[in-house]
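Look for chain A in each of the two complexes below; its partner is chain B in the first and chain C in the second.
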Partner chain A sequence: MSTPAEVSAEIEKLTEIKKHSRPIMAIVILFGGVVALLFSIGLSISFGAADIKLATVWTAVFNFNPDLTPHQIIREIRMPRVLGAAMVGSCFAVAGAIMQGMTRNPLADSGLLGLNAGAAFMLALCFAFSPGLPYMFLIMYSFLGAGLGAGIVYGIGSMSRGGLTPMRLVLAGAAVSALLGALSEGIALYFRIGQDLAFWYAGGVSGTKWIHLQVMSPWILAAMIGAVILSRSITLLSLGNEVAIGLGQKTKTIKVFGMLIVLILAGAAVSVVGAVGFVGLIVPHLTRLLVGHDYRWIIPCSIVIGGLLVVLADLGARMINPPYETPIGALIALIGVPFFLYLARKGGKEL
Partner chain B sequence: MSILKVDQVAIGYSNALIIDDLSVSIPEKKITTIIGPNGCGKSTLLKAISRVLKTKSGAVYLDGRAIHQLQTKEVAKKMAILPQSAEAPAGLTVFELVSYGRFPHQSGFGSLKKEDYEYIYWALDVTGLMEFKDRSIEALSGGQRQRVWIAMALAQGTEILILDEPTTYLDLAHQLDILLLLQRLNEEEGRTIVMVLHDLNHASRFSDYMIAMKDGALMMEGTPEEVMTCLNLQSVFNIDASIATCPFSKNPICLSYQLFQKNK
Partner chain C sequence: MKKKTLMTKDQQRSKSRNLIVIGILGLLIIIAFMISMNTGYIKLSPLEVIRTLFGYGTEKQRLILFEFRLPRIVIAVLVGMGLAVSGCVLQGISRNALADPGILGINAGAGLAVMLFISFFPSTTAAPVFLLPILAFVGAGVTAVIIYALAYKRNEGISPMRLILTGVAVAAGISSIMIVLTLRLSPENYQFVATWLAGSIWGSNWKFVLSLLPWIVILLPFVFSKARVLNVLNLGDLTATGLGASIEKERRLLLAAAVGLAGASVSVSGGIGFVGLIGPHLARQLVGSRHQFLLPATALAGGFLVLVADTIGRWILQPSEIPAGIVVAVIGAPYFLYLLSRLKD
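Showing the complex of A and B:
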């Protein structure tokens, strides 16, 4: 049996070549993705009821002139909306990536597992009992709601004999989402707040204001930094709980922090855009396909691709049938549902 | 010399106690195998030894120190575990999985250093996986996959290896292949190996020390000659065994067996 030192000589040149193969792909995705994201944001800002050129978008952002109407439109209506879409997409995508990694459940998504419905339900309660609650408090109720949804789904899922399988969790998630959705609608009818809630159900970013972005940004920034810090531990957890323990990981601590990050991301996203599902399902799978299984790359790439997906979905939603807006939730479900069926067909045990 | 000491432990899930008041010592630099019928608690014991399960009372001592009081990362530098039917995430390559074995030795964001590469390539070399290192694990056969997990545990560079049924689901040749690899690691590198095996003859042939369990209790422990007797197999497995000598290892083997008739 050869010693580590003996094989080291022959491997030296091998490692130099192999070391960088996957990271190169990830870096390409990150840079290409950021460029694509910026371009889509620009394109999305320029597109709308009032025709605005890309060049005007540029000057409105970097050389703002409050006397020009197009500049006003861009600054006050379109920019928050599109930036909101990008942030929301990143949130859902990273929340999904963390959930999939931590639970080894390929069907994990904040929409499918009841987090989004929980957050939306809590928002409905807020609208009913405390109308006019400032957004900075609303968002916190949204985090709580996401936790409530997740708690009920995991509670129901773990009651079943034979433990938590991906499929059982998704079934529990669907049932709980349906229940919470019905309750939210009941509340909306009873308290006559259907108008206020409508855009949450539809899943649209049209109501996004600067104040929303201001309030949610620090939360999201902190959660994203946390996600990147946890990324390596999430890779280990994705090998299985026992393997992770064997490798010396504090699995419980990681799971608690991971879950908190997921609740913040999903809650923040729902508080702006409503219960949009499938972003967290599609994006991590796509990313994994492109950059491999290392969450140190999956999470940053999911931030970029998630943002890109929702910005494009929002742009598409406005282009399909102008001047009306198609709900982006519906548009994303159009890709998400077949994708979900495909994953479910594989038996849901591929992670 | 015992490297691992199980002292009066009680272990269980939620309310059900599976093991109550069990004490056993694992000898250093030897191969120790735990045998016993299904549901006797052998995997549970292994999980307690490897700190995956917390003991309800009593303690497991690694080098004389209670394992639950040690930093888990420090334990991971001394002890590697291979759980029962471990499954790799889709798309992971052999090299990537084996490289995660270096986790306990890394800090920060965890880029691989020269020493890490040395261990990884050595582990790939020993397990004969060098040519597969860039393959996706799901594209490998069952025997090769098991080797990948063992390679990961080896890359961890620990004195102790703990394996839960490393040969399950493998065909005869691949089973032997894995066990011979473990034997080689024990003989040439002095690694302490603790495992659960279902196949009594494999256990007898490859172990220095055997531990037999039944209903969560320790029935007997000792060398294969001491444990693999007609009487012992009757009390542990409730079988009427015909014991012969292995032509290869000269250890006792169970040639064939039948069940005892009830109420005879």
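Showing the complex of A and C:
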């Protein structure tokens, strides 16, 4: 049992977190973020090959008229795509936030730690062996694949002599991603499904359909609610395992549920957009900078900011070189890599 | 203590033993060469191969061997040698067991340079092939400088882990730039670049052999001649200075040589990673860590590895081909993980 001195030290840490968390800022971000998100969703829907005004977007959403072509375009092509982008962004961001909080690893991101590559590999297998599998099953395999990737990376990481340092995990993640990527590429070449898979390597939301959103949203909703419920425990875990145990947390249970949520979020996102990395790295760090270290605020804010980031990235991807689309994975990597370098330079210290 | 045991181990392994090992590696390459010659749509028996090589084959056999298979095999061996020795030198000068031109992002830099060139000079047939290695060298060199600068910290110098992490990140950044660039390419060029990026020995043509050969022929002996310097550098900066090596100058020269080897190799083979990692480690297991033996053994092991990978890639899914880079990654990534799990920070 912990001594009174330890307990008081833990309480000190907690109050420090309280001091450093900025609820007012968080509320401003939540409301401002939602407004900004809605506005950029509208903007993104209105932008495209066929010129559509923002007002038309409004009427198409709230006053749908199937006889009008612009309304059809908005409903069938642009809306699922943009909503998909927002969802995917939230998923990656929350997955990253949970991983960073639970493992105290500032470099945690589902892309960097092999989850995305695992899910993409599983999807390649699905396309090769049972083409035309309904999306409902695809997404399940995607969860499995994310679990596979995470399992290998953490397995290797924990087998190693020096223990699970952040840098070691990232390197293991890079190698596992290289391996699974090579295997997927081999499968794609052999079964001649390269074209089906190509957009996944690069990452693009252009193929999103309503059915994807329908299947995906219950999973994501459940996972997000789970994440918000867990957020208090994650804050305690982010103080260290001993502290969390000392404060009466069942750390094992929390970790299992947390990991499950991460796998669902990352798997669902990859099944729509492909192996896009760095969202889960950038967004939680940015949020932490803005709202402090309390995950009860970090997680909801990450949902909003993550969605915003990917919607804007998708908009940018379409604007850079029209009529071609730049893969958003590449675009986000261009922001993510310098950010990663900055974090790595700080030495990958524990959070 | 550890160094001492290493030295005695090396001394135990007599010179003749190491020479035998190197001889066996050479023999393995010849065997792989024979097998690779027979791999493909049209089968040729070893006897036919030998007869054709000495000028007694039929017109058709000569065409297959000399125009299609031989240049490809030669390139595979040369590329393997270049990449493996480059990795060995990088491991030696940074005293970092995980160094490899592919993992460090040097290959990606070379790739970007080549790709920029292709997008500005669209028709590959007209492009002067001899320019490619030079461009790749420039790209690889610039990338190496960037990575070095980013990983350098004033008080701590370069830590192995940070160097690799920086390399991984820079490689990711470069490849995303490349993805953006590929979209601007015409479909034919895109196809070309896509296969190239996957690391296939695409330049199965004597022109490419000739453009690669000078780099290997000049740089390999140069690196071999520096074997003693590499041995001394391995002992650590302080000891090396004490033994009279002008560390920084030697290190920069060797780094330039490693970058040159990697760049030239990548310019014809595309993104083959992990060879520079596996080659030297394999060789070290066989002949110990003295560079006089290690470097030649590394070159042979690397050449053997890429040749086998290319042969497997051609054979396993006939009639479609798997780029050698994929085969090497499937072997190399687990090996990297194994090394990673044994390495202390």
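Definition applied: the second predicted complex is superposed on the first by the 329 of 351 C-alpha atoms of A that agree within 3 Å, B and C clash if a C-alpha of one lies under 4 Å from a C-alpha of the other, contacts with A are read in each partner's own complex, and residues count from 1 in each chain.
The rule is simple: contacts are C-beta pairs under 8 Å (C-beta built on N, C-alpha and C of every residue); 3 or more make two chains touch, one makes a residue touch a chain.
All figures in this text were calculated on a predicted structure; none of them were measured in a lab.
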Answer with first, second, both or neither: which of chain B and chain C does A:240 touch in the superposed model?
first
Once the structures are superposed on A, label A:293 by its partner contacts, choosing first (chain B), second (chain C), both or neither.
first
Using the superposition on chain A described above, determine whether A:78 touches chain B (first), chain C (second), both, or neither.
neither
Give one of first, second, both or neither to describe whether A:179 is in contact with chain B, with chain C, with both, or with none.
second
So in the superposed three-chain picture, is A:104 touching just chain B, just chain C, both, or none of them (first/second/both/neither)?
first
Greater chain A contact set [chain C / chain B]:
C
Under the stated touch criterion, which partner chain does A:255 make contact with: chain B (first), chain C (second), both, or neither?
neither
If you lay the two complexes on top of each other, which residues of chain A touch chain B in one and chain C in the other?
none
In their complex, what parts of chain B are in touch with chain A?
47, 50-52, 71-77, 79-83, 86-93, 95-97, 100-101, 103-104, 109-110, 112, 114-115, 117-119, 121-122, 125-126, 134, 153, 156, 162, 184, 188-189
Residue numbers of chain A touching chain C in their complex, please.
156-157, 159-162, 165, 167-168, 170-172, 174-176, 178-179, 181-183, 185-186, 189-190, 192, 202, 277, 320-321, 324-327, 329-331, 333-334, 336-338, 340-341, 344-345, 347-348
Listed in rising order, the residues of chain C that touch chain A in the complex are 98, 103, 150, 153, 161-162, 164-166, 168-170, 172-173, 175-177, 179-180, 183-184, 198, 273-274, 317, 320-322, 325-326, 329-330, 333-334, 336-337, 340-345
Touching chain B in the complex: which residues of chain A?
1-5, 7-8, 11, 14-15, 18-19, 104, 232, 235-236, 238-243, 245-250, 288-289, 292-294, 296, 350-351
